[in-house]
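Common to both upcoming complexes is chain A, partnered first by chain B, then by chain C.
Then we have the complex of A and B:
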């Protein structure tokens, strides 16, 4: 009885910090800074963007509610659909090439050879360069007359190419710049995956007389599927926002305007905040839908891998 | 009268002449405003100035320091590239942050930024002991056309110009004067080879000078391809300037001004005549691209000038006079080469200028006013011009000493620009660029449409349709005057 009373009085005398440290509250306490940051820098701008997307606002006058007019205008704008089409084209080609190249190089780097660490280090270099600096660098390297690429081609008697000024080629140059920078990302994710593959399964397949191609297709590739989906997921998110390779080269010209460049132009050149917000949200919806699909595939793949 | 008397008289006349000459010069010099004329500035708050990164910024910084030393007002500066200047500054001005006391303003933004800048006349009334008349006397050495461009529709001067980039025609005079080239040109086209005055002549010249490696130029076998015209068709504002020069030269407008009976501007209209001329300008531009070097479709002034300086092109039909120094370096690159400047075909190119403008949110408009006067003063502009700066002051550019060949590399452009200003003066009042408060946005859209025309993403007719659509939209949203 006395002990119970003592315990009760102890309970009532717990300090604020002890209460906070209790399991019930600690998780909220620890997560609070993150929630504040998210609230201030994610949810508030997001909802403000949503609010603005239903208004006409060009800075000079207060926002005017216009319902879904901005969305209607955007969806009827041919330039928008061209930018969407172009962005998806870039997305599909870049991911396909980066994954193929990444897998090939990762398989090569997975072998033991002299100087492997140096080669791996060199492969990482493009990722370390600022994307904007890199686009400016390629702008000079691909210059039709003074660029080193054409200098080499001319020296080989192959003739100069208008890499970033020919409307039929410029979009591929933009893709090339992006692929050049981001293939190392695929290489290193896949290399990490290859290094972690269970050796006994591969050994068993070899003992059973499976061909290399069969082993790669039925074992290696299957076991790497979750990583491949992660690469696709991340690159999809990044490529929908492709901007930097254009900034230093074509500035959206020569038929290379992407969705993000179009959005930038509307928002920060024309300062049409309402239309820009509608575009930003549209870009967000598309990203969410695509990523949700990929995420489900990832979960499935992870389930299958187990 | 004896010999001695005559001698005395002669001396007296000489002395009188000297007094008149020296006194007159002193009087003239007195009229020219200089740093010494800046009065004690009571407000000592530091001022922050925006600069356009590149050539212009570097030359101005020492003068900002001199001003700070003389007045005791600290001056800091921030350089930004032209491509981001508009976006960055307009946000600060609209948000009234007071981040900048003085902003770089492009002539075509004067109307758009009117609400955020102090008119110079207001500041003169407030801070200048000589008032508005003093300011007007000071401005007498500036070009009236350029001053109009730095003003609003209703005549408020929104800053003082300090740097021009008038489009001129730069060509290889040595090639034009070569007897074989002259004779061949006359034989082929039936008239004399001279700087093109019409668009048809320009195309003839483009065609004539576009030659393959192995052909001859000035009687010598070419070791590389050479092109007639160097152009700026990339998605940058300059492509719009090239097309615009064609539009204005034919009496057309991007949008015609509509005035009431009293002559007051009441709105804009794209007339049928404007549409026809625009379509022709788009078509003409694409035709000329056939004689421009590879890379032109993504090039801007940097590319166009480099082509000329490297001897890859014979003519830059439209290039900013501020690039004369670079373009004329062809004389160092190619033995025997000689650059010369003339008016552009049709004589109606863009004649812009940067002016420094005092922000309405400045904490020290007094110092801002005096700094602007100092930067645009005769002495400064003269010093800068002699160092290769493109002065905006007529009284500097018209100084006869600069016609001497020894000043060719610094002032070879000046006569062409002065003539262009004279030719354009009457028309400036009617150009959309200097009358629309939406021009910062319209400019970007013109650029896109002109570039898409150049890469043939749209036909000229579609380009006109698109311009009519976006002009109506942007002018209605951002402008102060309606589309009628």
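Then we have the complex of A and C:
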């Protein structure tokens, strides 16, 4: 009787180990399609750009090896550095505003109130709508003559503003469009984080007589740090290649050319493939460095949150 | 008093987020003359713009193209990402490095991929075809879908599978009877996200299509001619192009209640 039970458990244990042994193959089998796509779509462009960045290739003649000339030209181009500076400016301002607004609205929406789910859902709408469509719409609404925004300003006797056509203001209009569209993303992530916070810890702090500000700074904010870094990480990746809001409004003119627009112009307007490739690799390098720094911060914050 | 302040804040937030979207629909109903008269708040609504986009330009084809490309690419993305995310979550395949590489494809500026693929697709005859765009979106959405699904798979306790294994279930039946029902909500969210991304995507669609495979997003940009922008018809096409995403938002709202916590973050 005893032996029978033992034998049976040995039996099941063996099949269990057999399956586990087979797992070594099954896990690679499951991941195979992804690897194929990755190989084709990641490494091909990478090597193509690497190859072309050392060549002069403007479509008419076959690629001509010129060493690091493309990089030299790009790094000496003032327009390039202006585009980089502008992109980083947009990056910092947008993320700062989105995070603070997102946190404020998330705290507001975190309460229990009538119709809470509908209102939370409505706040996410801008996120889901085509960025190009909305930037075209904002272009119409911010139009200097027949935009509704200026009309309201006129009604308020404040005077019309050249939102899109003034080089001093256009970049802020683009930032505004981006912030309008992406603040819901911060709200969404932070609200999910707020709802997952341990209630008893916050309650205990309140019982101990901690002020609201103290509780927020010392508990809420600290526990949400990983999520905040994730938002910064993702938004950095997305904002570094800001393109749609530009296409819908200024088309890179009026002092709003971003890094991505500059690359687009070099590669697809002038068809300077060599220089475009050098630029693309440079931009990739900047993104990876930025994201690696943020990723390390994230791992650190996750360690601290545990 | 606090309650009043709270509701005032909510109303202001909703107005800022929703008025621009509502303005799309308002503008689409304006006559060509009223488009340039913002001071006229009470105007006679007309379907002129909708008639225009239905007859003068190939709007229907653009919708069909966008639909084909988003549905097929999303199906492919899910076929690739579901097993891969499961493998990452359950076996930690590649020891975390492979997952990081997969996610990092999202860091790639689209231009890095656009230049090489433009010439490759030109040589292969894939420019301005559905297939070309579908392949690009597969690459574009795959990493994000894998990352999301990875988080959802991580939330399923491993013990569940172990006990099923001990009970003598095979891999396949475990996946079908235990994993799949549990991952269904997560997979649904991921599918909707991929559909929306593909539907809204502009940069690749703009570069890789001309006429035959042109999607709605590119169609919108076409109203910006060399002389003027046709605001009215553009708003009408926008109003229709936004509708599917609004439907998706309504669908997703049920899941927001649950709170889409980023499973990967919670570790």
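As a convention for this text, the second predicted complex is superposed on the first by the 284 of 306 C-alpha atoms of A that agree within 3 Å, B and C clash if a C-alpha of one lies under 4 Å from a C-alpha of the other, contacts with A are read in each partner's own complex, and residues count from 1 in each chain.
Just so we're on the same page, a contact is a pair of C-beta atoms (placed from the backbone, for glycine too) under 8 Å apart; a residue touches a chain by one contact, two chains touch by 3 or more.
From a predicted model like this one, the values you see are computed outputs, not experimental measurements.
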{"item": "Touched partner set for A:28, first chain B, second chain C, both or neither", "value": "second"}
{"item": "Touched partner set for A:112, first chain B, second chain C, both or neither", "value": "neither"}
{"item": "Touching partner for A:133 - first (chain B), second (chain C), both, neither", "value": "second"}
{"item": "Chain B versus chain C as contact partner of A:193, first or second or both or neither", "value": "second"}
{"item": "Chain B versus chain C, judged by how many residues of chain A each one touches", "value": "C"}
{"item": "Contacts of A:281 with chain B and chain C, given as first, second, both or neither", "value": "second"}
{"item": "Chain B versus chain C as contact partner of A:268, first or second or both or neither", "value": "both"}
{"item": "Touching partner for A:208 - first (chain B), second (chain C), both, neither", "value": "neither"}
{"item": "First (chain B), second (chain C), both or neither touched by A:121", "value": "second"}
{"item": "Partner chain in contact with A:145 - chain B first, chain C second, else both or neither", "value": "both"}
{"item": "Chain C-contacting residues of chain A that also contact chain B", "value": "145-146, 268"}
{"item": "Sites on chain C touched by chain A in the complex", "value": "6, 9-10, 13-14, 16-18, 20-21, 23-24, 27, 35-39, 79-81, 83-84, 86-88, 90-91, 93-94, 98, 101-102, 104-120, 135, 138-139, 142, 146, 165-166, 168, 171, 196, 199-200, 202-203, 206-207, 217, 220-221, 224, 229, 231, 234-235, 238, 241-242, 245-246, 248-250, 252-253, 256-257, 259-262, 265-267"}
{"item": "Residue ranges of chain A in contact with chain B within the complex", "value": "56, 58-60, 143-146, 160, 162, 164-167, 170, 249-255, 265, 268-272"}
{"item": "Residues of chain B that touch chain A when the two form their complex", "value": "83, 86-87, 90-91, 94, 234-236, 293-299, 306-307, 310, 312, 441, 444, 448, 451, 455-457, 474, 477-478"}
{"item": "Chain C partner contacts - residues on chain A that touch it in the complex", "value": "12, 15-16, 19, 22-23, 26-28, 30-31, 33-34, 37-38, 40-42, 44-46, 48-49, 52, 105, 108, 111, 113, 117-126, 128-134, 136-141, 145-148, 150-151, 154, 180, 184, 188-189, 191-193, 195-196, 226-227, 230, 237, 240-241, 243-244, 247-248, 260, 263-264, 267-268, 273, 276-277, 279-281, 283-284, 287-288, 291, 302"}
